[in-house]
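Next come two complexes, and both contain chain A; in the first it sits with chain B, in the second with chain C.
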Partner chain A sequence: MKREAPIVLAGIVGLIQILEHFFDFEAIAAVTVELQNWVIIVSAFSLALAAINLAINHTQKISAKKAGAFDSALLLITMVFTAVAGIFWGMESSGFKFVFNAIIDPAASAFYAMAAFHVASAAYRAFRAHNAHAAALLITGVMLMIAKAPIGEAWFPWMPTITNWIMSVLNLAGVRGIMISSAIGMICVSARILLGIDRSHLGLGRD
Partner chain B sequence: MELIRKLGEVDPRWLYVLLVLVVLIPMVSPIGLPINVSAYTSNAFALLDSLKPGDTVVFDFGYYVDGAPDVEPIAVALFDHLFSKGVRIVCVSYKNHGPMIVDKLTEPHVKAGKEYGVDFVNLGFLAGGETALAAWAADIKKAYPTDWKGNNTSTMPILQGINTVADFDMFVFYTDDSAEVWVRQISQYKVPIIGGLITVTAPQAEPFLQSKQLAGLLVGLRGAAEYEKLMNKPGTASAGMDAQSMAHLMLIAFILFGNASYFIKRSKGLAGKGAAK
Partner chain C sequence: MLIEGRVAGLVFTLITIGTMLYGINKAKSKLPNVRRIAGLEAIDEAVGRATEMGKAVFCTPGWADITTSTAGATFAALDIVGHIARLTARYDTRLVVAVSYPNVYPLAEQTVQQAYLVEGKREKYDQDMVRFTSSEQYAYAAAVLGMIQREKVAACVFVGQFASEAVDFAEAAVAVGSIAIAGTTSTYQLPFFAAACDYTLIGEELLTAGAYISKDTARLGSVHGQDLAKLIAFGVMLLGAILCTLNINVVVDLLSK
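Moving on to the complex of A and B:
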């Protein structure tokens, strides 16, 4: 029963979601929305659980004086400060806004900007026309870089016509193929879960 | 020949220094390169420009702040455009940074006289990813009984007469991810959907545009700069385009140097066919 109940439950819930998509029954639609709202509640609790788990792990790391204990302490201090600021002073308080606008926002933007250096270095060192495939990738990449920058368009006004064709014909065909095949794969996996064949989401392993 | 070969072996740290310079100089002293407007942007602009005062639009914020440099200028331009037309905006967040981003982007408009709860609202973030999106799309007031500030949504003027996503005049999402989630959950409501995407994920959204599941697409900083041009209001995105042009140009030059150097070395038997350098 302990094994079967979650599988049957998952099957019924999944079936309701599928029926709602294909049939216009008010009762099924109401149940579907209710179930979806339950997911929101459960997900919110799982976020809280993740925060508690994170706090326990890092506290243990600090008390055991493991490598990176200083980073763990920093993480806990900022986590507690942000939580206290948000819960007790409110999310519109200057303290909470300071954490987001003065720490998270600029730090995250800086990390994103650093990707430009990695891309530049990688493109310079590894983007070589070793063979026909690599040459095709190189030529397409360079053409798109030219077409997407105003200076490229100014120098080669005909370039966007070619790159638009690459994007709307070659790229589209490739992406569509990948999407259709991954959608078929997703249907198969979903069917396996709903029928109880794949039980890995319950921690029971695959049959 | 020797010079070209050596250009292919420059220390990457010099590359970093050059990149900083080519990005910084046009920012300080803009070149003012002309920006051509793509069909994507002009179509999206035409759709958004057709909205009438009093229409209500959803802005769904599905990006984290690290993706903001590429996608946020689109949101900034659209807030300016739609608020200037008297369109009302309901902001929701697919990702948890969303509510704070909305707060930041609407602040100048509040100072300019836009009223919270009447002209716009920040409903906040719902945990649950795609399922949460499906839930609020089906019944917005059930999923969001209160907004981010704790106000009751059922009595909020901006949400009167709105129960599902189908009651909105347009749906705009901004994301640093794939557009698939919104196409899957929102296209069934027959509301025009416009996607604001970061540049690298845009090619994946192309099939949805052709199948008309997406009504329009605005792509990255370039899309925002084109939108600013159509609005006759150059902003941060337009300023960034000169820097992007110079960075692209520098990268292309170094890719060419690297390849020229590689072929010279290969002709001399110094580089293997599969060697990276």
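Moving on to the complex of A and C:
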């Protein structure tokens, strides 16, 4: 019963969501809205659980004086400050906005900028012609880079025609193949879970 | 009343579920053969390497939750997390799992805890193994990079849905000399993983991971059914392409209904 109840519940709720996607029934739409509100409530509980885990892990780190204890203290202080600012002063308050505008946004921008260096480093390792596949990758990669650069088009006016064909025929065919097979896979994974065939998320294995 | 423009979607969903159920039924008499997936085979090797080196194994089920269209990838990732947890429990290897979304956290915790229980190592399970980070993309990414750097892990497994942080993760793994295994259904991030990681699970390879690892009859059967659905989709595409070339738009019209 402990195992069957969540499976039956998931199956019913999943079926309602699927029906709402394909059919235009007012009654189903109303139930779906209600269920989506429940999702928000359940998510709030899981957020509390996750926040407790975060607080326990970092408190343990501080009390054990492990490396990075200062960072953990900083994390806990900002976490409490953001929560207090949001709950008591409101999400429009200057204190709450400060956390996003002065800490999160600049840090996120800096992090995003780092991706450029990581792409360069990954490309350096990938673009080594150690076999036929890697050589093909190297050649097409270099061609695309040349075609995308303004000077490349000036030097080789025919290059964009070739690279556009590579992108719109070869690349797109590959991408669509992956997307279609992934979509079918997603339907099967979801159906397995909703029908109770796949119960791994409730523990391990089917039984 | 059926919503206009979604009829073809409903028909194909029903066909896919039908082929899946057929595959499951057929598997009861004859187990389908699933081709070798190098990325999944490499997980055992990566955990073994970490064990020999006395270092930790790191994994993350991606930056996505279970209430969106990418839920399938997250559930498949949790299957892999469970498999890794069983291996680390068996070999007494340290495990670190970073979770981004709050609603994935209880599932990840349950999966790892169950894995240790199944291996008879319940006492070895530590609450510090499954760590919630943040659902903010770069806060999560920074936390993951920090964990990889600090723990000096010997194996990194990035599975699930990822965005631009994918390349940062792969490079962080390379920087600490770790084996990097990645898997995603996101076609935007696959090239980064393929370029930077040692092994990559491409699209549906990730989604069949649970069946491949568990060797469960029903799940393997569903993979066979999945392949039948793909064959049907391929047939429709081929027919559509031929008819479109002949200026007959029957398939296109049917699919847009």
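Everything that follows uses one rule, which is that the second predicted complex is superposed on the first by the 183 of 207 C-alpha atoms of A that agree within 3 Å, B and C clash if a C-alpha of one lies under 4 Å from a C-alpha of the other, contacts with A are read in each partner's own complex, and residues count from 1 in each chain.
The criterion applied here is as follows: a residue touches a chain if its C-beta (ideal position, glycine included) is under 8 Å from a C-beta of that chain, and two chains touch if they have at least 3 such contacts.
None of these values were measured; they are calculated from a predicted model.
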First, second, both or neither for A:Ile146, with chain B first and chain C second: first
Chain B versus chain C as contact partner of A:Leu15, first or second or both or neither: neither
First, second, both or neither for A:Ile87, with chain B first and chain C second: neither
Partner chain in contact with A:Ala136 - chain B first, chain C second, else both or neither: neither
Touching partner for A:Ser168 - first (chain B), second (chain C), both, neither: first
First (chain B), second (chain C), both or neither touched by A:Ala113: first
Touched partner set for A:Gly185, first chain B, second chain C, both or neither: second
Which superposed partner A:Lys97 touches (first chain B, second chain C, both, neither): first
First (chain B), second (chain C), both or neither touched by A:Ser43: both
Chain B/chain C common contact set on chain A: 21, 39, 42-43, 46-47, 104, 108, 111-112, 119, 121, 123, 125-126, 175, 179
Residue numbers on chain C that touch chain A, as the complex places them: 1-3, 6, 9-10, 13, 16-17, 20, 24, 67, 69, 71-73, 75-76, 78-79, 82, 86, 99, 102-103, 105-107, 109-111, 114-115, 118, 127-128, 130-133, 136-139, 141-142, 146, 150, 164-165, 167-168, 170-171, 174, 185, 187, 190, 192, 194-196, 202-204, 206-208, 210, 214, 216, 218-219, 222-223, 225-226, 229-230, 233
Complex interface listing, chain A residues touching chain B: 21, 29, 32-33, 36-37, 39-40, 42-44, 46-47, 91-92, 97, 100-101, 104-105, 108-109, 111-113, 116-117, 119-121, 123-131, 138, 142, 145-146, 148-154, 160, 164, 167-168, 171-172, 175-176, 179
Chain A residues touching chain C - in the complex, by the definition given at the top: 18, 21-25, 39, 42-43, 46-47, 49-51, 53-54, 56-57, 60, 67-68, 71, 104, 107-108, 111-112, 114-115, 118-119, 121-123, 125-126, 175, 178-182, 184-193, 197-198, 200-206
Chain A-touching residues of chain B, taken from the complex the two chains share: 10, 12, 15-16, 19, 23, 33-36, 38-39, 64-70, 97, 99-100, 103-104, 126-129, 131-132, 134-135, 138-139, 142-143, 148-149, 180, 188, 199, 203-204, 206-207, 210, 222, 241-242, 244-252, 254-255, 257-259, 262-263, 273-277
